[in-house]
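Got some structures for you, see below.
Presented sequentially are two complexes of chain A, the first with chain B as partner and the second with chain C.
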Partner chain A sequence: MSTSTSEWPWQYHFPPFFTLQPHPETRAKQVSAWKSLILDYCQKNKLYIVDVREAHQLPLFHNTTMNRKLDPSVIVSILSELAKTGNAAALDKAKNRWEIYWHTLEEWASMIYDHICELGMQNSVLTLFELSQGDDVQSKEFSGMQTDVLVKVLRVLENERKCELILSDEEQGVKFF
Partner chain B sequence: MRRRAGLGAIQKHKLEQEKYKDKGSEIQENLFEQMTKQLGVLEENLEEFATKHKNKIRKNPEFRRQFQEMCASIGVDPLSSGKQGFWSVLGIGDFYYELAVQIVEVCLATNYKTGGLISLDELRTRLIKARGKGKQHQEITQDDLIRAAQKLKILGSGFMVVPVGKGQYMVQSIPGELSMDHTAVLQQATQSNQAFVSVSYLKRELGWEDERARKALDHMVDQGLAWVDLQSPKEKLYYFPSLFNACIDSTIS
Partner chain C sequence: MNRWRYTSPLLLDNESTLTCEKNVRLYDGDQKTSFEGGELIITTHRILWGRPGAISKGQTCLALNLSLIVYIEEESPSAFSFSRSRKVLLHLSEPTDLEDGPQPSSIYNFIKLSFREGFGSDVVGILNDSIQKKAWEGRTVPKSVPQIKLRTGIVGIERSLQEKQKATDESISVAFQDLNKLMGMAKEMVSLSKMISTKIKDKQGDITEDETVRFKSYLLSLGIDDPVTRNAFKSDNQYYRSLAKEICDLLQSHIEDRGGMMALTDVFCWVNRARGLELLSPEDILSACQIMESMSLPLKLIQFSSGVMVLQLATLDDESVAEATAILLDDKGSLSSEELAQALGISVTLAKERLLTAEKHGKSCRDDSIEGLRFYPNKFLTN
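After this line comes the complex of A and B, so read on.
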């Protein structure tokens, strides 16, 4: 977890940043700063899932030094903004659990496909485990990707007819074309 | 034996009075003429002096300030348009106009995060950084900046230099004037050294009524100059990003 002060933007130390601003222009600045902060934070910490009910356990939404928290309803509205650009998606109707995509699913998809092409692995079958945890991907940003997210990314490739997912109970794999 | 005053004497007295009056206005005219002449000579000398020391005026901030003061004392404004032909040849006006443009640039570049307020110190630091490394580019004083910024007034109420006490100034670069009350709020926030104030703080420091303090603060929020913090245990706080050090120091976001 990155909690050292140098890694936070100035807003994180600005107490009113944690109160939704009433003035529309100021609020627009605030929301846009929150959007980039959330994506940056999740990227640095490889955090693919955020549960709004437990959000205050994350230093991101709770600055314990100055005792300021972002209200859960505000978190939901900012995540909803991120959803508009394909950078987040609610997993339940109550909008409690969210997947965060600091790269959109499309961006992830082309990163993975580029990697497969580099290795010349078209026409071969890989398990999802290999694809996210294997030795070949250690240096890649998508290494360690959460399986649910990985499946969604591969669905994008599947729609482009660049792969086919093989999802059975015992084995989860993918064949690239 | 004392003569009694007759008609003749009265007329004589009247004549004398008129003569005195004439003489008086004559002397006055002469004096005025002389003074105008002297001032003219002084102004000529000043121009001559300025031509001679043109480079020094441009390069040396202390010299520049003294020159400006000298001009002001005889009512000459080297930046006014009246004598522009001459003064613009000197390039003294150019010096300030150039500064003014740079002030606008810095303000526009920082507006998005400060909401359009910047302290003169901060403005100076940023401006000097942008001006390049040459020595004459670096020696820009507060006084120069205030003079240049005041020239921007002709552009309307968009640019204002607001004194906030203790020799500190802020430059406002958004439309809409700040009233006395708003300036007072800024002064308090600057002097508190905390970048925020509250209704009770203003009541205590300025002796204001609740309503007055709240109205002034809400106006600053509506102008995008202040942010509200509702999570302080005591009361609602009003923060000014333009006075918040971490914000000022950040170069990117």
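After this line comes the complex of A and C, so read on.
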């Protein structure tokens, strides 16, 4: 994604956007704007993992033209909000590393399963690499998915008894039903 | 003792003898000196001390300039002393000249005059008197030259106007010379200021809306003829009620001019400046302001969440303040409290309170960066 102005919402160029607003109604609007901006940004950049400690290297949280940064504690609180809707998950207790799901795990799961059904590949085994990098999935949104996230998505399918994960050291695969 | 000088007892120009005492001993600080049993003469310029008979013979004696005396007190005699001896303490400033004296240096800043047989005349009073008169500064009053006054014609009128102006000028400068005189002239000043302020008001059409003129009119329009004082009332409650009325009468128009709000500290200054003499304590003003609302006066006391207290027009509520601030914000794009203070001519504290009020009503939002706190129109809610 380019950082040209047309790509950013108007809020990104509005300095108060980078200060957490004390007025409750205003803050609600601000936080929801941030939530959708973060998801949009990650989707466009295929960004699955955000590290709060390095967040200021992302133009998302650091508007260099205006010289405004979003405070790390505010980033964490917004990501926590996202976690409530299943759009993010903290990877460590200190809440420094976050996985961002612009589609929730369930949405990803049904997307992948639909794809498998389309290809008629039930009852066959695929490697995780094939599933995320293979030729068949190049046009799909989940191509290039982080393996950790992919495993989590497939766990959801496994719980629905639609697949079974085969995780050994050399070969990581999945069998769909 | 190092302030004494050897000198001839001859009187200087304009100097005259005030009183003469006998059998006087000099002390350097608390220590006795060998200068005892002498004659002491107080003149308008100096204190002279000589051995008995020396002064009348014109022999060299000791002199102390009155200009060096800072403060005079009489030492109270101890309970065990039955003698008539009385001691006077003279606190002195540092000597300025380096002339010849009986003692080149002294660790004391005071000397004592011990009158072994008491004193006949009021030595302390005479000394104090002559120190105040400062005869040694030799101010000679110029004799006024009789002037011929032209009373007729335009020249005469102009001249008399000019003279009046001069007199006014002088009375202003005299009034401010010291507080005592100001108190003496307070009534006159108030009426004078009233006159000038009405003049300025009348002429407002002619004079440009210069800020200095406006400021002057503010300054001069102050002044309370008959200030409410506590003594006039039997109960505190009544006192506060009339005080509240007085404050309202005085400040209402100013507060209207200044955007409807005035910090309580400013109120304190304005009211006391207007009263001039019968100054009010902060507590009295606070108590008076607190009952304004219950008296349904045009002003009321508001306390912001930050603790800042202001007097505000009763007609003005938070919402209209927020509304007005929002309009300003829309105009300017963004404002810091300093900029708003400048734009409205109010204090920075008040400006900040206004912006915070607007924020509380969702009319503004903040940008807290290293460049300071700024407020923007609340686009989050309007867009």
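The rule is short, and it goes like this: the second predicted complex is superposed on the first by the 176 of 177 C-alpha atoms of A that agree within 3 Å, B and C clash if a C-alpha of one lies under 4 Å from a C-alpha of the other, contacts with A are read in each partner's own complex, and residues count from 1 in each chain.
In the analysis below, contacts are C-beta pairs under 8 Å (C-beta built on N, C-alpha and C of every residue); 3 or more make two chains touch, one makes a residue touch a chain.
Computed from a prediction, not measured in an experiment: that's the story for all the values here.
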Inset, instruction - Using the superposition on chain A, decide if chain B and chain C clash or fit. - result: clash
Inset, instruction - Report for A:T19: first if it touches chain B alone, second if chain C alone, otherwise both or neither. - result: both
Inset, instruction - In the overlay, answer first, second, both or neither for which of chain B and chain C A:W10 touches. - result: both
Inset, instruction - Could you say whether A:K29 touches chain B, chain C, both of them, or neither, answering first, second, both or neither? - result: both
Inset, instruction - Considering only the touch criterion stated at the top, classify A:R155 as touching first (chain B), second (chain C), both, or neither. - result: neither
Inset, instruction - Check the residue A:H56 against both partner chains and state whether it touches chain B (first), chain C (second), both, or neither. - result: neither
Inset, instruction - Quick one: name whichever of chain B and chain C touches more residues of chain A. - result: B
Inset, instruction - Please pick the stretch of chain B from 6-14, 60-68 or 186-194 that overlaps chain C when the two structures are superposed. - result: 186-194
Inset, instruction - Report, in rising order, the residues of chain A that make contact with chain B in one complex and with chain C in the other. - result: 10-11, 14-16, 18-19, 21-23, 25-26, 29-30, 33, 67-68
Inset, instruction - Quick one: which bits of chain C touch chain A in the complex? Just the residue numbers, please. - result: 334, 359-360, 362, 365-369, 374-376, 378-381, 383
Legend entry - Touch list for chain B against partner chain A, complex: 112-113, 115, 196, 221-222, 224, 227-232, 237, 239, 241, 244, 246-247, 249-250, 253
Legend entry - Contact footprint of chain C on chain A as seen in their complex: 10-11, 14-16, 18-19, 21-23, 25-26, 29-30, 33, 67-68
Legend entry - For the chain A and chain B complex, residues of the former touching the latter: 9-11, 13-19, 21-23, 25-26, 29-30, 33, 36, 67-69
